[in-house]
Every structure is written in C-alpha cells, then in structure tokens.
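Have a look at the structure below before the remarks.
Letters A, B, C and D mark the chains in the order given here, with residues in each chain numbered from 1 onward.
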Amino acid sequence: MPAGEIQFVYSAKEMPKFATEPRLVCGFPGSGYVGKLAIDHLIQELHATHLADIYSSSFPPQVMIRTDGTADLMKNSIFSWQGKETSLLLLTGDSQPSDPDSEYALAEHILDFGAQFGAKQVFTLAAYITGVFVDKPRVFGTATDASLVGNFASHGVSLMDSGSITGMNGLVIGIAKLRGIKGTCLLGETSGYVVDAKASKAVLETLLSIIGINVDMSNLEKRAKDTEMLIQTIEQQMAAGRGGLAQEGQQQQQPQKPRNTGYIS
Amino acid sequence: MPAGEIQFVYSAKEMPKFATEPRLVCGFPGSGYVGKLAIDHLIQELHATHLADIYSSSFPPQVMIRTDGTADLMKNSIFSWQGKETSLLLLTGDSQPSDPDSEYALAEHILDFGAQFGAKQVFTLAAYITGVFVDKPRVFGTATDASLVGNFASHGVSLMDSGSITGMNGLVIGIAKLRGIKGTCLLGETSGYVVDAKASKAVLETLLSIIGINVDMSNLEKRAKDTEMLIQTIEQQMAAGRGGLAQEGQQQQQPQKPRNTGYIS
Amino acid sequence: MPAGEIQFVYSAKEMPKFATEPRLVCGFPGSGYVGKLAIDHLIQELHATHLADIYSSSFPPQVMIRTDGTADLMKNSIFSWQGKETSLLLLTGDSQPSDPDSEYALAEHILDFGAQFGAKQVFTLAAYITGVFVDKPRVFGTATDASLVGNFASHGVSLMDSGSITGMNGLVIGIAKLRGIKGTCLLGETSGYVVDAKASKAVLETLLSIIGINVDMSNLEKRAKDTEMLIQTIEQQMAAGRGGLAQEGQQQQQPQKPRNTGYIS
Amino acid sequence: MPAGEIQFVYSAKEMPKFATEPRLVCGFPGSGYVGKLAIDHLIQELHATHLADIYSSSFPPQVMIRTDGTADLMKNSIFSWQGKETSLLLLTGDSQPSDPDSEYALAEHILDFGAQFGAKQVFTLAAYITGVFVDKPRVFGTATDASLVGNFASHGVSLMDSGSITGMNGLVIGIAKLRGIKGTCLLGETSGYVVDAKASKAVLETLLSIIGINVDMSNLEKRAKDTEMLIQTIEQQMAAGRGGLAQEGQQQQQPQKPRNTGYIS
C-alpha cells in the first residue's frame, strides 16, 4: 500500500448478487461510538457476510492488539446482507482517516464500492453532541434531498436546520449528492462523555424503521443498560459536586433544547 | 473527487460570451466575513448568473446544513454578470482551503477559469484587522502594479506600505502578477471581533467606484446597521468594564492609526 | 530525492546470497532507544555487512553532526549477516518518518527490500513504557499469527492482549501480515525516562533465544550498568523528594503490573 | 504553479558563463536573519546579477507588501557574480518552505540549479543560538568532508562535534554530500533574541576569508553597530531586573562555552 493509497482486500470468493438495489449503511467510529456500535450490532444480528477490508495509509499508523495476542493494522470492513425485500452493505471500522484530504478520498472509494452493486441510497450513523445527559436520546437528521427530509417526522427524526456535520459521516452523504445518490445522516443524541449504547440503540431503531426491517435488539439493550448505569454514577458524582461535569449535571435539572454545538461526528 | 483534486461542476448550459474583458472579483470567507458579504450582496443585487461550483478535498471535510434541512459539501461558487460597459466574474464561497499547498492550487484554478474569458484584472476583498471599533471604517489597499496603486488616493483607498496579506486574498493577486494579470486587494477596516457588514459596505463602495457601476446598497446598509448596534452593545459592556475587550474599548477613547497587525485575511 | 520519495543508496558491490531465508530484524529509534541499541549492538558484535542506506524526505529535515565534525542527512541503514544456520537482515536508523503517511510508505519499502531475499519473517524491537523503574525489565510481545504467540511463553515473553503499537514497530508487522509474512514485535519494559540499555539487553536476549544464535553481550551489559547507575541516581533524587518523578519513585515501593499506557514506540 | 511544484522564473536573458566553477552560497531567512543579512550585503556590494526567482506552493501562502505599496508572492532569489578568480551563485529569500517534505524538494532544486553551472562546492550561512549576548560572536562550522573540517581552525572556525542543523541550512549540505558535492555550514553565534547583524558580519568575514575575496563591510558594520546598541538597551533593562531575559543577562557575568542548544537554523 504506497503512501496515500487505499487498498481493498476481498475475503469473499465472489461478490454477492443482490435481489434489490442495496442500501449502504456506514457506522464509522466517532464520539460515543454511536454509529459504530449500531452497525456492529446489526452485522452480528443479521449474520452479515464479510466482503472486504479497507486499508489506508491515512489511518493512524498503528496495529491494534486483539485479546488473543495477535495484532492487525487499522482498517474499515464492509459486510453484505440479503433480506426478503431489503439488501444491505454495512460498513464498520477501527478508525477514520487522519487527514481531511484522505477523508474525501476514502468517501469516494466507499461510494465507488457501493456503485458496483447499484447502491442508490446511503446512510451514515453519527453522534449529536449536547454535553447533557438525557433519559430518552432523540435522533436528529439531515439529508441530501428535500424528499428524504420530508419523511423524517414520520419516523420521529428531529430535523436539523443549521450547523455542519464533520468527518466521514458528512462527506459520504455530501459526495453522494454530487453523484446523484440519496444520502441520509442520522445522529443519536449523546453527551459526548461516554461510549453511548443508548444513543446507538435510538439511532439504529430509527434506521430500521426507515428501511423496514426488524432485528433483535436485546444485546444492544444490554449495553444500553450499562451506559445508563455509568451515566447514573457520573451524575451522582456530579451531584456530589465532584468531577468536571458538574455544570452539565445541573443543566439537566432544567432540560433544554440542545444547541448544535458544531461538534458532531 | 480524488484526494488533492479540485472539481468544477458547471451549472450553466453554456459559458457566457462577455462584451468586454471581465473583471474577476473574489470574496472569500475570512475575518468578519467582510469580503464574502460584499460579494454575496453584489451577486444578489445584480441577479448574477451562477456558472459553476468548485469542490475540493482541501476544503474542511464537512457538509453545511441548510435551513430546509438539506446538507451540501463545502464549496466555492462563481457567478457572471454583463453590464452595459462592465463584465464581471464573481466568486464567493463557504471556505478557504485547509492547507497552504491547496491554497496555491485553488488560486491557480480560479485564475485559469478567469483566463478562459480573457479576464485581465482581478480583485480580492479582504479584512484589515485592527482590534479597534471605528465609526467610519477605512479601506486599505495593495496591488500588483504601481499604476494601480497610483489610483488608490482618488478612490479614498489608504495605501499599505508594509506587512503581508495571507490566504487566498493574497495568493490570488500574487499569482496573478506572475501571470501578467493585474491584481488589487481592497481591505475593509474591521475590529475582527464581529461579522462586519459595515466594513463590507465600505469595501464594496470602493470597489464599485473603481469599476464604475452602481448597485442598490440598502440591504447591505440594513446589515451594516445591525453591525453598528451589535458593536454599541459590546462597547457598552466594555464601558461597564465587562468582557475581554475592555482594553480595546479604551483605545477607542483615543483613536489611533491602527498598526498593521499582520493578521489580515 | 524528490519530495515524498524514498531513496536506497547501496554500498555493497553485490547483494548477498543467503544460505537460508533471512529474518528481517528492525531496531528503529524510539522511547529509551530500546530497539535501536539492541540492533546496533547486534550489528557490531556480528560484524554485519552494510548493504544500503535509506534516505527519505519524510525524515526530519536536518543533518546530524558526527564527533569528527562532519555532517550527514538523517537515514536508516540495513546490514546483513550469514551465520551457520541463520541469515539476518538488520535495520537501524537515526529517525522514523515524521508523518503517518510516510511511515506506511517506508514500511512497504523495507518489506520490499526483505522480499528480494525471500525474507518470510520480520521482527521489530520496541519499548513498553510503564513510567516505573524496575530491576528486571520484562519483555512483552505481540505477533501476526497465533502460532507465534503460542511460543512466547517458552521464551519468557509476556503476552499483550490489548492496546496498540504505534509507529514503524507496529506498521512493519501489520503490513507484513497483509503480505503473508510472519511478524513479531518484542517490547522491552522501560520507564520511558532514560536511554535504557537494560531494556535493550532484555529484548535482545529474548530475540536471540527465539532465533537461536549467541552473541557476546558484554558491551551492552556495560551500557546496561550505566543505565542502572543513572536510574539509581534518579531514584535517590526522587527519594530526596526532588525531581518531577517522585510519584513514580513511590510507585516502586509497591510494584504493580504496569498497565498498557498506550504509549508504546 | 500546481500544488507541490517549485517554479523558477528567469530574469536574465541568458545564463552566465563562469570563468571558474562557481561556489553556491545560501543565506536563508532564519534566527536572527544571520545568513540572509550576510548574503543580502554580499549581493549589494558585489552588484551581483539577478538570475532567477524561485516560487513554491510550500512557501507561506501570502504576499509581502513593499514600501511602494505593491505586493509580491514569497520567493527565493538567485544572483550570480564573476570575480577575477572566483565565481559565485548567491541565494537569498523571503522564506523557507513550510513543511519538511518541501524543504527536501527545494534543496534538490537549488542543487540542480547549481549543477547546471558545475558548482562543486556549496555554503550555507546559519545562526548558532546560545541565548547569551556576547561582544565577539564566534563562528561555528560543520562540513560534509573531513578535509573541509580540517581547514576550519586556520579560518578561526570553532568545530561542532555534536547536535544537528535543521532546515534548509542542514539539508542543502546533507543532500550535496549524497551528490558528491562539498558542503560547508558556517554558523554565527547569536542570542536568538534580535536580528543580529553582528553575527552576520562575523559569519560573512569567515566566508570571505575561506573563498578569498574582499568586500566593503561598512554598510553591514553600520547595521552591526545598531545591533550592538539594541543589545545594550536590552541588557540595561535586564540589569534593571525587567524583561524576561534577566536570567540570560546574568549568565553574561560568568561567560561560558555555549552548549549546542540543538536549536540551530
């Protein structure tokens, strides 16, 4: 992999034939791992098929050590799933590129990959950072077309009307638009302080209602419970006046419409 | 758009035929949005024709969310206008490139675009940061040729005789000079603390007097009034000794020739 | 050497013919110079043959001044050695690349070089930073294959089961894995505060036991003694409550399993 | 000038024919402007001929404004001079490249330019930062060959035996060595706190004694006097206990061999 290059390593003997145009759904690692946890859960529950790993010299120059003691380069991975009426390409990964230029390049490669299968619609799952802990995380959204935006209300998605979405979650739908592909970004409300499976569950449920499939959520619910307990612990510490988050803790007494902090990933 | 590439997406069915060599006028986003506000006003009042959008992997990797909930990649845009005796190419944008190398590349592409139409003169509208609020912002200038500099006085432009102009506003005229194209940078005096439509109005009026066209300024004047009120509020807070700008506030009591802070964009 | 290029300058008239597939062993400069000291000792004791110097525009832009007053560009160097049953390619260097993208590129070039000679196994020697001084530094390890990991215990290597290895020491084995080449990273336990020949000796002894050759360690032991004395001095200062390391000094009274600080190089 | 490119713009109608192999002498802007002031003085006194300007997208993206109000891109410039027995190529500039990779590239281009004229020897003039004000700045040196180093003593040059030289001053001689061209770096002792014409004069006198030509130094001496007066003012302030440099001021009472601070440019 020469400098600057992006390399696809295919594991599947042959590429899948989809019954219908697949939807490409991306869960990049980011704040609270909201998107990545959701996609990893989906891959696990659907027993999706591993198609390819993506390596890039723009990923952080390191190996990740597995629990069995073996090490692997940082990578992204794409899986496929064929349902009765729905076809999916699912992307998860260890990292986003470390420089802006390479984020554009990776987004192009991912959309090229989807184009091979005639993917006409792409979703990115992201985090909506508020700095505030909430019981029921909302799901925010933006999209490339007014028609998609029009359907948000019916799925309980709060429409964003300002701000920006940075990183791969924004670029993938932005470049999709230039290619005439429909893009939607769904963002789970999260404090930004913890790995937030609660937000992941909210954003995944919204995705599933939009694409119309059902998945057992129990494993993700279990993780969401853990998140809830972690948050309660933090809140108790904050109530006790300890920890640097006291201020946000108080904000909870008077819940407020979170402002777009411009820190979305 | 491969990494490092700059992509022009043309909207006009055919490129305009200009009656006269067009002048290229650039309003990049920068301190106080002085240049961008001026060009956006000009585009609006002249009902200029959209020619092309410019996308680049050197723009910040994000999408901007519009008020209707749809999202777009960061871009620059070029418009054209044909007057009785004047032809204009107008450039506005969401962003400047995020790395120096790409700023040079974008400046070359913009000048290449202008060259297609025989543009022999280019203007950039910028901000002259003083850290001081003033009632009547001055307009400063520098240019590629002594002949252009010689005309500044007759248009009320204060000549700069030291310092530097960083970013696209400097590069576009600097590279223009290497190509034998005349370049002028006009800079509106601004504190640097607020979006400054007052400075935009001043720099736009100067541009219009140089290129000899008239434009209804009422909308920009309205915005300038808002700026004025915002500044007054800040000054009152400063007078009350609050706010981090108190020091500059005092400087206003004894107005002084602003020094080139070297922070011009 | 154009920007971005990596240049090999060969000193040997002809490339060596190895009796057996050589093992490539890399000692990049890093924390405590653990890896570099070990390889430099090995090169010296084996009277290894200098094959090539590697120059790169990604190395820090500077010359190093030698004790004789002459100056040289930063470089990496590769040596070869042919033993009775073992063949070695040994890499040492002044520097690692200064940007991630170039670290990937250099790792590829080094593995290409090894591939010329049919190298099927690569080792990197690194530092395991604990922030704690210890009498008997342990050696930690990770590898590309479970089979290699399985042999660690028999050589007294503590298995890592989490974290990451950043920089060339990680990339070389990570990219080797993509090429089907076996990679092992051995890390000598070190405080991270001093050039640590003790850790170098530990990691080198482990390497030698794995590849099955013997080398006179007296010179490295001498340096290790110096390290020990330096550490004792620092500890005395810490005991006396002076120096910024007091806290770590106290940790020594209650030795603890060093956590993977994630700062490994 | 596409991104990453280096562009030579030639002013001379024809390239000079040198009576003898020219020496290339570089005075890049750096700490105290020691090297640049020396070369600018040499160009002025020798009435050297301007050959070419060098532009690069790796120079800071800005224009410099001249006293007449006109603006120019950042650049380096090369001049030539033919003496009775000595030929010179003289390089001065506004800036060094803004990233390491481009420093390597520019050094290669400069050496390519010199190679056109058969230049076999290159000098760089730099600053040796000590953080201490001295009456008689020493001149330090390093070179690519022991033979050059051997001649330092006879010209009063203090030999460096450790440390490194960063930036263009180091790269130009380091890459020259790879090309079989002799390189010498002369460094004028300076505090690093002021533009130091005293250090420039010292390093230029040393250069002239090595290459065996005479130049009227009165203008540079005048500037050196100014430096001296500036330093005296600073010292008086330091003696009065004001200014952040008091500590260095005291060091002067007990003058000491300045250690290589590793900060040389």
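Methods note: a contact is a pair of C-beta atoms (placed from the backbone, for glycine too) under 8 Å apart; a residue touches a chain by one contact, two chains touch by 3 or more.
What you are looking at is a predicted structure, and each value in this text was computed from that prediction instead of being measured.
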*Touching chain B and chain D alike: which chains?*
none
*Rotation, 0 to 180 degrees and nearest 5, that superposes chain A on copy chain C via CA atoms*: 90
_Homomeric contact chain C-chain D: same or different residue positions, threshold half_ = different
*asked:* Suppose each chain is reduced to the average of its Cα coordinates; what separation in Å results between chain C and chain D?
replied: 37
*What whole-number Å value describes the gap between the mean CA coordinates of chain A and chain D?*
53
*In chain A, what residues contact two or more other chains?*
4
*asked:* I'd like to see which chains touch which, written out pair by pair.
replied: A-B, A-C, B-D, C-D
*Which of the residues in chain C end up touching chain A in this complex?*
4, 100-105, 108, 141-146, 149, 152, 159-168, 170-171, 173-175, 177-178, 183, 185
*Spell out the residues on chain D that touch chain B in their complex, using ranges where they run on.*
1-4, 7, 9, 55, 57-58, 60-73, 98-99
